[in-house]
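So that you can tell them apart, the chains are marked A, B, C, D and E in the order they are listed, and the count of residues begins at 1 in each.
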């Protein structure tokens, strides 16, 4: 039985009103905008913490709380309330969002201090926080949908924050449109849910699935639709193309939205819908496939990127691939996916902030080929980034090790060929991750100075370094804390009702220690290759060499993802549009005008019968008489 | 002989009159052709009057003659007027009004 | 021994009064000095119409055949005669307008001659138009009331002859006017011949000229006698000519354009009512038994007429010709009422005639107002910007055009609605659909004029709207009010028509 | 014997003979109306038809109408036609060519069609009763019986038709009668006026060719000052551009150009 | 009980008052118009408070015999749908008047005429939605054309006369087809009910044979499809919307075109249930074509004219509305009705702001703008929010309606719903591309000194934006009014397996 809480709405309302206040307040609030924004976010974090402790105070089975606000939509039996629901799964997200969010707010105060529109930036960040919280707190798919699009909007606004640059504006649009494709999936999912179960709330659908109201086909369709939504939002294959471009936004945005929180919404959606995927096996397999492909896809792109943010973005894509893959493994995977999600939130956000710090010191330069030897100039950044690096490549005892190792483990345990394939992919991914992250490390902080003239790298102010430090601490410790005694898994257990039974009790393909060893070996290989290529003594050209293999070129072009989209959708779409414009002008309107001019032609033709000759008029009379006579003759025949 | 022959004659004369209206160009001749058509109708009236043994047909023919006379007066007056203005009695020349 | 015929003067009074006044008016021409003629003639004419109308009102409840069966006075007659007299009054008001010099000073003077100049300078006008108009009105009154073929034929001629004459009496552009007169006369006489030939065969079929006689013969022998067929066809030709139904319509544009505009207005309203009245009596009552024979013909003619009228009107550049084609199209609409052949069709046709008459009189009245130094300006291009120059007149003209187009809240809509629903009711959906489509096309050219008046800039060519004298203003005012009132509160008129419109039994 | 008697729905043979002699003549005359060039001939042919009709009226037991036909129609109406023809120009004739495209063929086809349909319909017609004949009705005399019906049954039409007659008279007057606006000028006034008008020489126009080498009608006279006089040549010639230039006919003086007789340079 | 009549008459009286004003008193004319329309809007809202939401059927009913010979009544009354559409009209009118304060200056006629025409139009809009007598409806339906015609032709820009005529002819053509059907109904009602009538409620009791029903249905439907406008009857709209002043376009797309979809529900479904069911799939296909066709052409126009673009987006939206109507589910129909209201506001916002942009820049080409967000942030933001509503962003009003339509459609026509859902991708494109072109990027030369919204414009646009957001979260206020009627309408259709 779930309890209720009257606090939940404030989680959303405070940042939301703050955002509105900042936007409507205008320039008058320029001086205090960032403070208000940060306070709003912190307030939400505090509420989140309060709720968390309140939750811990309840029995594991009764930890969910709801708050019914008002009836949102009710037509016939389509009844959606504006209601909030907080359980352990949401709680993870609430804390991640508000916590990391607040840190990034703080970081942004300094990062954006020279920006004319900082107030607006904070408004958008608050808007994002509110939308993301709605996403995870909504008790129905439709409420989730609102948050879902809300974060999409915030993402659009933030990516395009400097939209006076056309490329940034385009990136924002691209992100939104790609997300829209995913939204189609979510829309369809809601419809299927409504038609099948008569309800769109999570509990309603879960009950419906349990009661067996839906056919397997319907469930698989529902699952596929949900997956489509997740793919769009989480930049998974084949809708991954927007994420790289999304790095156009200010770096804190990349850290918060495009690393820690929003892009993981897909994982949340799948986990939240575990009751569907648990029975929709085809959809579940699809989830696995998507996760596996994206994992490698992102990793491969990451190897070729010289732009530090894009390299990190590719890494994000890849890491989310891990999470998706984990969710695709069924009950055993959800918790590990969540765990990886949280640890990833820490270390990836930290690394992004570090990247931001580097850029801050390097005149917003993003090309790693123009970095080098920065460790001396920005020690804090180096350390925090380095800790994040160790976490992501999965060096024990950093956070990433615990979470990623588990995923590799359960992937191998999936059984049979599937297990071996998935396991190999995850291991390969780990090796590549180690390679390209080492590459980033080496190119940025080690080696020779390759800076542009006039660059004076310096450490960032403390408002920026403190969040980085906090996140670094998280990257170091989170994995260990979570994993201690399966604490995290147990925390989430009531949500997933996983007959978890244990991990460990089931027969493993390989013993955990062997898996860890394999993983570490893979990491070691990756790191070694990176050192061999980019390590001490290796000269890194400041311009990317062009005499590289086709594969490198392809990888640099994001594995041709944009080219494919362009060839498959944009071009034909543009042609279709042009064709339709012509059809509209010539055919449809033309037909109408044609009827008009035809009438006119007929008119001027028929008009000629009016010759002005009396005799021809008389002839008409005779012809008419003839016709009438003939007609009447015919009638009487 | 059947009385029908008178009707055939009437129809024939009527048709010829109509053809005259269509073919001739002199307004007066056209008008004479119309008179021919009226006369043809009168023949039909008189014949039918005889067929039915009913004097109404003759009455009709009588009225037709009066009407025709009136038409002739007005018609010729109009034709003369237009002739005086245009120096032409051809109906084809009166075609300022057209299309 | 001949017994003296019984003449019911009361029932015949409308016709008698008007014709008597016409004769008086001829005497006035002869004996009253030139200066006083205008006043005397107008007073006499209006008196005739007013008295005639009074007589019609007194006949309201009369139903029967009078003057030895020559005339049928029944509800339909009363309505038609009343309508005709009202339109005649309005037409006369236009004819009586002196400011516009519509009529030639001297018809006998050659166009462009010194004689004509002198006659113009002396301010002469042919006041003979008044007796001629009265004769035409007399004929029009009798035409729908005639109860035998002879009376019908005589009435037709009494109606037509003065119109042939008057069509040629325009003061400006006399050659056009005379040509109109000639064309109208020749074609009218031609169609009369058809009418007469048809009458002959109808008589031959029935052995009688009275309508009730023909009706009873048809009823007695429903077989298809060829005499009846020939008679019916030819009679139809003559009648359809009068209502300018296609393909007997060709005279209409030329005559409407050439004739003096007041006469055009008079013709458009009065002749149409009279001719449709006669058609109603003949086809609804006399040969109603043959409806299955003549209805297909009327369906085709109706559709053809609508099509020809609306389509050709699109390509016109002269406002009077547009209105003429519009008149043709409206004949097509009216014919759907004949096609309907039921009580609603009868009522609807009568209603339509009433509504249409006011509107068309109003439009032509407005046409007389738009002038330049050379007289009326009928070239449509020169009407552009009228809305700016004189918004009131343009507004009223727009009202009339909308009524002609059948836009709701105008009388035209009520008429169209009534007549189409009657046709629909009779199952002749094809004419309804054709009518609707034709209305759509027709809307185009009415709107074109509206566009021209409002959305084009005025041309600086001296075209202006003359401030109307009270008579024309009164005409336009009455027509506009009637167009609106019949559009908004048609109920009293409909009630009257519904309750009155029955043919005399037998 | 009453030749109008009808026996077994058949007329007597004399009537048939009459019919078959007269009818072709009438048809031919009517057709002649269509083809003769001169309007007067048409009028005369119409008169033939009308007389024939008069005879048929009499044969059809309508002697009154027959007489009226001759007196009123053939006599009065046709005279009116002829009179107007004289006025318009008795020798005016139609040209043979048809100006309206398709009119002649259309006219012929249309009329033939109508005629064909009429006759074919009539041939299928039946009266549905025996011919009655007018013996009974005419027994009192044709005129009497007409009068009886005319003044009872058709008295209303008779009255109304008076309106038509008045209209006709009035119409003719409107179109033909010229009201005198100025008083008629006396002979004296006319003469004075003529002298006063300088444009018309009192002595008449100079003849063409005067004071010139040529005296053809297209050569203007030369005025005493040597200039050509426009008034001396018919306006028609001038309008047709056939006016010759008298200068062409001057005596050659020193100019080597010979007069080539090129007339009407302008 | 003649509240509706009074409501409708007030603007008419106002327009008469305007006509009586001297031509020179332009400001006074504007103030009078604004005052009257505001009073009417408030009166309308007050009236709405006494509307009984639970009741099915017409309220505030008035019925007087008008032309008894034809069974024509002066019958007014509103149900939830009509009430909302009337309120939409009443609320938008003062906003339009305020927003288009200076729009009338370039017109053929005086300023006061413009505002008088707007007020006349308001009367017509009230009338057309309140009429319960088909004849009366038809009357307003046609009469409405006249003020719009003059508003487009007299005060628009570019080829305004041609556009006005095109609009008028299309509408008249449709109207005449409807007239033919009305005549048919009239005659049939005379046969079946004894006396002919035009009362909607009475007419819905007729039982027609199938062929007649389909023919009569088509007459109504085509008229409404032209009005709505549904593909392929839409080509008048872009021209009209382009030529008209923004204010006129707002009323045209925001309210007038709703007459089409309103009519489909009120008349097509009610009077011809069987024909509706039979032709429903066809119409759904047409709706889908409209959705995509409108969207693609809107995308095409993102290189072209901003007003045409908005009108094409409307064609796409009308596709959704008809889709919902002919889905025959309570969700679909309620969604459609809600969509009509929401679309009214979002299009109003788009057009008004586009109008201001165009007035400032003297060009309606999307490319001529650019970087407006830096120069005129408020205007840009308003446009953006309106655009988001147009692309049905959750949290804004249109989302709820669009989603209801799709859900409702999915119940009976899953494939159609799936296809329709794909339309939301295009929606993102047709809004975001012009947003990018016009608002983002570097400031286009010549735009540096454009003025941001002034106080009048802010006051005009603020309520619209507020409503767009408010109804995104609290659509139930409207749905409570809509639902009873929609449910009754759908259940009257008797579709089996209705969810």
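Quick note on the criterion: a residue touches a chain if its C-beta (ideal position, glycine included) is under 8 Å from a C-beta of that chain, and two chains touch if they have at least 3 such contacts.
Everything quoted here is computed from the prediction, not taken from an experiment.
> Strictly by the touch rule at the top, which chains does chain D share as contacts with chain E?
A, C
> Can you pull out the chain pair that has more C-beta pairs in contact than any other?
B-D
> Of all the other chains, whose mean CA position lies farthest from chain E?
With centres defined by C-alpha atoms, farthest from chain E sits D.
> So which chain ends up in the middle if you average the CA atoms?
Per-chain C-alpha centroids compared to the overall one single out E.
> Please flag the chain sitting at the greatest distance from chain B, going by CA centroids.
Following the centroid criterion, the farthest chain would be A.
> Would you mind pulling out the distance in Å between where the CA atoms of chain B average out and where those of chain C do?
Chain centroid spacing, chain B to chain C, equals 25 Å.
> Distance between chain C and chain D based on Cα centroids, please, to the nearest Å.
32
> Distance between chain A and chain C based on Cα centroids, please, to the nearest Å.
Roughly 79 Å separates the two chain centres.
> Approximately how many whole Å separate the CA-defined centres of chain A and chain E?
Result: the chain centres lie 37 Å from each other.
> By the touch rule stated above, which residues of chain C touch at least two different other chains?
107-108, 150, 154, 157, 161, 164-165, 168, 182-183, 186, 190, 194, 204, 226, 229-230, 253-254, 444
> At which residue positions does chain D touch at least two other chains?
Those would be 100, 103, 106-107, 110-111, 114, 118, 121-122, 125, 127, 153-154, 157, 161, 164, 167-168, 171, 174-176.
> Mind pulling the residue numbers of chain B that touch at least two other chains?
Residues 7, 14, 17-18, 21-23, 25, 30-31, 42, 47, 51-52, 54, 56, 59, 63, 67, 70-71, 74, 77-79, 81, 91-92, 94-98 of chain B each touch two or more of the other chains.
> Which chains touch, pair by pair?
A-B, A-C, A-D, A-E, B-C, B-D, C-D, C-E
> Please give the residue numbers of chain E that touch chain C in the complex, ascending.
Result: residues 66-70, 108, 138-139, 142-143, 146, 150, 153-154, 160-161, 164-165, 168-169, 172-173, 176-177, 179-180, 183-184, 186-187, 190 of chain E touch chain C.
> Which chain B residues qualify as touching chain A in the complex?
Touching chain A from chain B are residues 18, 21-23, 25, 30, 91-92, 94-99.
> Which chain C residues qualify as touching chain B in the complex?
By the definition above, chain C touches chain B via 107-108, 110-111, 149-150, 153-154, 157, 161, 164-165, 168, 174-176, 178-183, 185-186, 189-190, 192-194, 196-197, 199-201, 203-204, 207-209, 253-255, 257-258.
> Considering only the defined contacts, which chain A positions touch chain B in the complex?
The touching residues are 607-608, 610-615, 618-619, 622.
> Please output the residues of chain A touching chain D within their complex, sorted ascending.
611, 613, 615-616, 619, 622-623, 625-626, 629-630, 633
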